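The following pair of complexes shares a single chain, subunit A, combined with subunit B in the former and subunit C in the latter.
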Partner chain A sequence: MPNIESLSFFLPELFLTASMVVIILVDVFMGPANRNRVVRQLSLAALAVTAYLLWVQTDPGEAIFFGALAVDPYSRFFKWLFLIATAVIFFVTPYTSQLLKTARHEYYLFLLAVMFGLFLMASAQDLIIIYLSIEIVSIGSFVLAGFLKGDRHSNESSLKYVIYGAFSSGVMLYGLSLLFGLAGSTNLFDVQRALASITGPGDLILVAALLMILVGFGYKISMAPFHFWTPDVYQGAPTTITAYLSVAPKAAGFALALRVLGIAFGDNLQFPADQWFPVGNLAIGTVIALFSGLTMTVGNILAIQQNSVKRMLAYSSVAHAGYMLMAVTILNIQALGAVMFYLAVYLFMNLGAFLVVILVHNKFGYDDIDDWRGLGFKLPLVAVPMGVFLFSLTGLPPTAGFVGKVYLFSVLISSQQFWWLAVLGVLNSVVSLYYYLRIMKVMFLEGEPTGETVSDHPAMTGMILALMVPVLLFGVYWSPLMGWVRASLKIFTPGG
Partner chain B sequence: MDSLESYLFIGLVLFCFGLYAVMTRRNGVAVLMGIELILNAANLNLVAFNRFGGLSEQLPGQVFALMVIVMAACEAAVALAIIINLYKTFQTIHIDEAREMRG
Partner chain C sequence: MDASILTILVFLPVLGAAAMLFVPRGQDELFRWIAAGFTGVQLLFACWVLWAFDRGSSQFQFEVVAAWIPSFNVNYHMGIDGLSMPMVFLTALLSFISIVASWKITKAPRGYFALFLLLDAGMMGVFVSLDFFLFYMFWEVMLLPMYFLIGIWGGPQRQYAAIKFFLYTLFGSVLMLLAMLALYFYSDPHTFNLITLISQAHKIDVMLWGIEMKWLIWFALFIGFAIKVPIFPFHTWLPLAHVEAPTAVSVILAGVLLKMGTYGLLRISYPLLPDQTIVFAVALAVLGVINIIWGAANAIAQVDLKRMVAYSSVSHMGIVLLGMAAVVSVREGGTMAGAQLGMNGAVLQMFNHGIITAALFLLVGVIYDRAHHRYIVYPSDYKDKALRGKLGFGGLAVGLPIFSGFVALVFFAGLGLPALSGFISEAMCFLGGFSTFRTLTIIGTFGILLNAVYFLRAYQRMFMGSPNERWSGLSDMSPREIGMLAPLVIIIIFLGVYPSPALNVISLTMNNLIELVNAASSLAGM
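Our next item is the complex of A and B:
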């Protein structure tokens, strides 16, 4: 579709860009007294209008901007996840004591810019847009991770983030340039058509390109062995940003990886209902299965040794990337649905767990696990939801995490491939039980009921309880969420 | 010498130099230079593929390379700002000495 006609299907992103420009101008003319409050309110309003534009968006039936972006139910599902995550972070930011000393007006703008990049990542189907969108998200995240300028940990985390991020996107770009050379086009569908006809000497270059592209995706979703930045960045960044990075860019990375692997490296243009065959009989499934097993094992084993709750949750997010990669090995429609379902559930439980970390940090000023002792007696309204989030992260019924994990495992089992990976996944879940339950034990079984309770912040506690509702609800009645996922399982393909 | 292979070879050499610099250098600015080498290796590939692949009508490779140059400038600006900030708090730009978080 030509550019001018495409604009009407690009309204959410256009509005987001325009509102960022307006907010920057308002910010310039605003006195320092009201800045934080006014910019936050304008940004929230921009989010609301973007959500409305996304709600009324119709399907064009073809790719917009000459095939560069797909407007399909699949991308819209992820865009809703990004909107929810951004809105939650905007809501809790004024109640985060870490951020109270700094001027926060630019923080909201950077978050909006990152969200714009995430929107592009969910829609991208052109090599140029893929690279651009990953960089937009990364550059915004580098700044946000280092937002506490005088804080040594925050500086260190943004330094590590920028070096790992720039390096892995550089390697990915080299892979994309090889892919462009093989295909002679930047469009994913043209790439697939070109790759399908390659046999013989081109294969080595194809394998190199694929591995280099996996480095870029692996960095975004923190897949081992490209996860080294994750614990340091998650620990040093402001906790609101940690919460955001652990859910939104990870979801976008999975959205993009599934689209690119499924379309460009599949043996035909349609997403298969039963079995997916890679182009030229490459062993893509086996490679991803190896990465998946390594990722969940590394994440869980290192999480056991942590004493900082924030760092433990960072390693747990690595392990969760491994669980989701289990389904990516199969790459049919069922696998796609399982990953989308899990990402939606993961959004609620992980955001919730990090909000509890923020609240505990606000009240007591530390995040060492020993300092959580007796939290169940001091802050019961926060400790009980934390217990629910931890149960859900472990994958115990009756929480949504259990349902999500069942879907992930059922993909492997019904495909009858990689049975060792399913066994490894179960073993890893058992290992993860240890460190999640360690937090539970410290919160509820240690310390004594002194009768003193700490006043909890009503707005934060309300948000935490609100995030607990979907985790519990989708654990017993998940058909609405699964219905939404099934309705969103339409990836745009030409003539499809 | 005017062949696709020679350009790809130079690109590969640049890529390896960049990789080597990132792996061995501990000075933050030198690591950034290595990353720039990797990006320029990819740019050279893109432009060479465009010229020798019979795509001179539409120039997708050249457009891609231009986009990469712009993004590399943005990334360098942010990375240098972060390194300046690092110098303010740690009094060093050696990335090994910024190591307070462990585990």
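Our next item is the complex of A and C:
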């Protein structure tokens, strides 16, 4: 679709860009007195309008901007996830004591910019846009991770993020350029056609390109062994940003990785389909399976030793990337659905867990696990939801995390491949129980009911309880969520 | 009523737990009464089900089927037969009695009673589910309240005991999850329905890692169930959890939770994978005998009364396994009657052991509440040097006549004295076992002897001899305590003299299962 016509299908992103410009201008001409408040309200309003535009958006039936972006139900599913995550973070930011001393007006702006990048990542089907969108997200995230200017951990976090990010996106860019060299086009479908026709010496380049691209995606979703930045960045960044990074860019990374692997490296253009075969019989599934097994094991084993709750959750988010990668080994329509379902569930449970970390930090200034002692008796309205989130992360019924895991395992078992990975996956769940239970233990098993309770922050507690609802609801009745996922399993394919 | 009764049985306690959320702070009295009220009504419903249960039918009764998640073919499917009926009644009865036994809980009563009700719901759900997915959900849901009940309200080592229990059982159940999904995806059309799977599962004809898939599924299920029973060598969580748990939780653990392992084997492994069951029966008998001897030998060595009772559970569950192994009696040169004796005896022993061990733990709780210790003999590393190696009690019969009467009766039931319920079911299991695995059963019967050793010796050391001055001021059992033990003792005596009512409920289903296992098998006629 030509550029001018495409604009009408690009309204949410366009509006986001325009509102960012407006917010910058308002910010400049506004006195410092109520800058934070006004910018936050404007940003929330911008989110609301974006949500409305996304809601009324129609399917163009073809890729827009000459094939660069796909506005399909698949991308829209992820855009809703990003909107929810951003809205939750906007909502809790003024209640985060870490951020009270900083000038938060820029913070909202950067979050909007990151969200814009995430929107592009979900839609991108052109090598240039893919790289561009990842960079937009990364650069915004670098700044946000270092937003606590006086805090050395935050500075360290930002710097590490920059160095790792620059390195891995450089490797990825090289991989993308190899693809371009093979195909002579930046469009994913053209790349697929070119790859499908390669035989012989091209294979090595193909493998090199694949691995280099996996480095880039691996960095975004914190797949081992490209996860080394995760714990430090997660620990040092402001907790709101950690929460955001752990769900939104990870989801976008998966969205993009699935699209690129599925289309460009599939042996035909039909994606998603009941069965998926890699181009040139590359052992993509086996490679992903090895990464998956490594990622979940490394994440879980290292999480056991952590004493900082934030750091523990960082490693747990590595492990969860590993679980989701289990389904990527198969990459059929069922696998795609399982990953999307899990990402939606993961959004709620992980955001919820991090909000509790924020609230506890606000109240007690604690991040060390031993300082959570007796929280179950002091702040039951927060500790009980935390328990629900942790059990959901472990994958125990009746929580949505259990259902999500069942779908992930189902992918492997129904395809009758990679049984060892399924066994490794369930054993990892048992390992993960150990460290999640450590938090449960200090919250509920240690300390005595003294009868005294700490006043809980009503807005934060309300938000935490609101996030607990879907985790429990989708644990016993997940048809609505699964229905939405299935309806979103339509990826734009030209002529298909 | 018929279609919704099981739903009521399962979710009534959940309603009770929800109701507790609305009780204002400081109304501790109310929590107990809510819990007692809801479990009491549940028990009444369970009694009604027992009364209305058609003993002449081997079909599932009170069946309810409703689509739950159609896209995954998960159904809300419940029903009971002669195998689940005794377990349902046992669960309702012990839950109610446990609430009464928990009357003195003062630490965070809202949480305690709410978790107890959720535990009750989970257990009830396991015994009535006929959809594997539903079964699995309830199976896992049970773990959470159990973890907290041991971990918050337990003894000094409660944290370690709780996490060990949780990790062990989760390890077993995740393997079960894989087995469940494999069964689902190998059936055509895909189903979790445990009745449909009977005709589907044995058709699986795939190899993995050079092993038949059916065997892998069997072992995954077996490990999950074996940890619950617990079968040696998976039993190490049990003594710890039992000793650290508060009295009422020990009652539930030993009385109901252990039965889930054998229930799962009989409900899922036996009918779904009969070939594997038949081949494995010898191993099951061997494991059963090991459990009998190992549990009893360990019980003899214990100086802590509660630990002794915990190990006696290991021993008694071994008898259940031996009875279950008799399903292959005809194949091993025995008779159909032998198989029937063994299998019926196994289910009856599950029920009887539930009642007897519950009574045992309650009695341990009674003395612990008064003396704040429960040593038969003080251990050699006891903190008070003067007491090391001395008798913990002695001559209690003088000061506590009612208590010692109850203990004597329940101990005798535990060691299998004729005319008490334990004798009947143990004899049936051994007779069934004898018709099938002669040598093994002969070894196993020595377990009875060992059981008598520790029960009688404990009784002698605690209740006989000259009264111990230290414990002269102990009060005898209160009306509440007599009230909670009386129904158990009545059942023990009644089923000991006249077991037919219970066997009538069980037998048709079990005889059917024996035929199913032997006939559906491709090994038939071998």
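Assume the second predicted complex is superposed on the first by the 494 of 496 C-alpha atoms of A that agree within 3 Å, B and C clash if a C-alpha of one lies under 4 Å from a C-alpha of the other, contacts with A are read in each partner's own complex, and residues count from 1 in each chain.
Assume a residue touches a chain if its C-beta (ideal position, glycine included) is under 8 Å from a C-beta of that chain, and two chains touch if they have at least 3 such contacts.
This structure is a prediction, so every number in the text was calculated from the model and none was measured.
Participant: Considering only the touch criterion stated at the top, classify A:410 as touching first (subunit B), second (subunit C), both, or neither.
Facilitator: A:410 contacts subunit C only, not subunit B.
Participant: After superposition on the shared chain, which partner residues are touched by A:419: those of subunit B (first), subunit C (second), both, or neither?
Facilitator: second
Participant: Considering only touches as defined above, state whether A:434 meets subunit B (first), subunit C (second), both or neither.
Facilitator: Once the two structures are laid over each other on A, A:434 reaches subunit C alone.
Participant: Taking the superposition as given, does A:391 touch the first partner, subunit B, the second, subunit C, both, or neither?
Facilitator: second
Participant: Looking at the overlay, what does A:217 touch: subunit B (first), subunit C (second), both, or neither?
Facilitator: So A:217 meets neither subunit B nor subunit C here.
Participant: State whether subunit B or subunit C is in contact with more residues of subunit A in the superposed arrangement.
Facilitator: Larger number of subunit A residues touched: B.
Participant: Could you say whether A:377 touches subunit B, subunit C, both of them, or neither, answering first, second, both or neither?
Facilitator: Only subunit C; A:377 stays clear of subunit B.
Participant: For the complex, which residues does subunit A have touching subunit C?
Facilitator: 377, 391, 396-398, 402, 406, 409-410, 413-414, 416, 419, 422-423, 426-427, 429-430, 433-434, 437, 440-441, 444-446, 448-449, 477-479, 482-483, 486
Participant: Where on subunit A is subunit B touching in the complex?
Facilitator: Interface residues on subunit A, with respect to subunit B: 127-128, 131-132, 135, 138-139, 142-143, 146, 149-153, 155-160, 162-163, 166-167, 170-171, 173-174, 176-178, 180-181, 184-186, 231-232, 235-236, 302, 305-308, 311.
Participant: Would you pull the subunit C residues touching subunit A in the complex into a rising list?
Facilitator: Listed in rising order, the residues of subunit C that touch subunit A are 68-72, 107-108, 136-137, 140-141, 143-144, 147-148, 151-152, 158-159, 162-163, 166-167, 170-171, 174-175, 177-178, 181-182, 184-185, 206, 208-209.
Participant: Flag every residue of subunit B that touches subunit A in the complex, lowest number first.
Facilitator: 8, 11, 15, 18, 22, 28, 31-32, 35, 38-39, 41-43, 45-46, 48-49, 53-55, 60-61, 63-64, 67-68, 71, 74-75, 78-79, 82-83, 85-86, 89-90, 95, 98-101, 103
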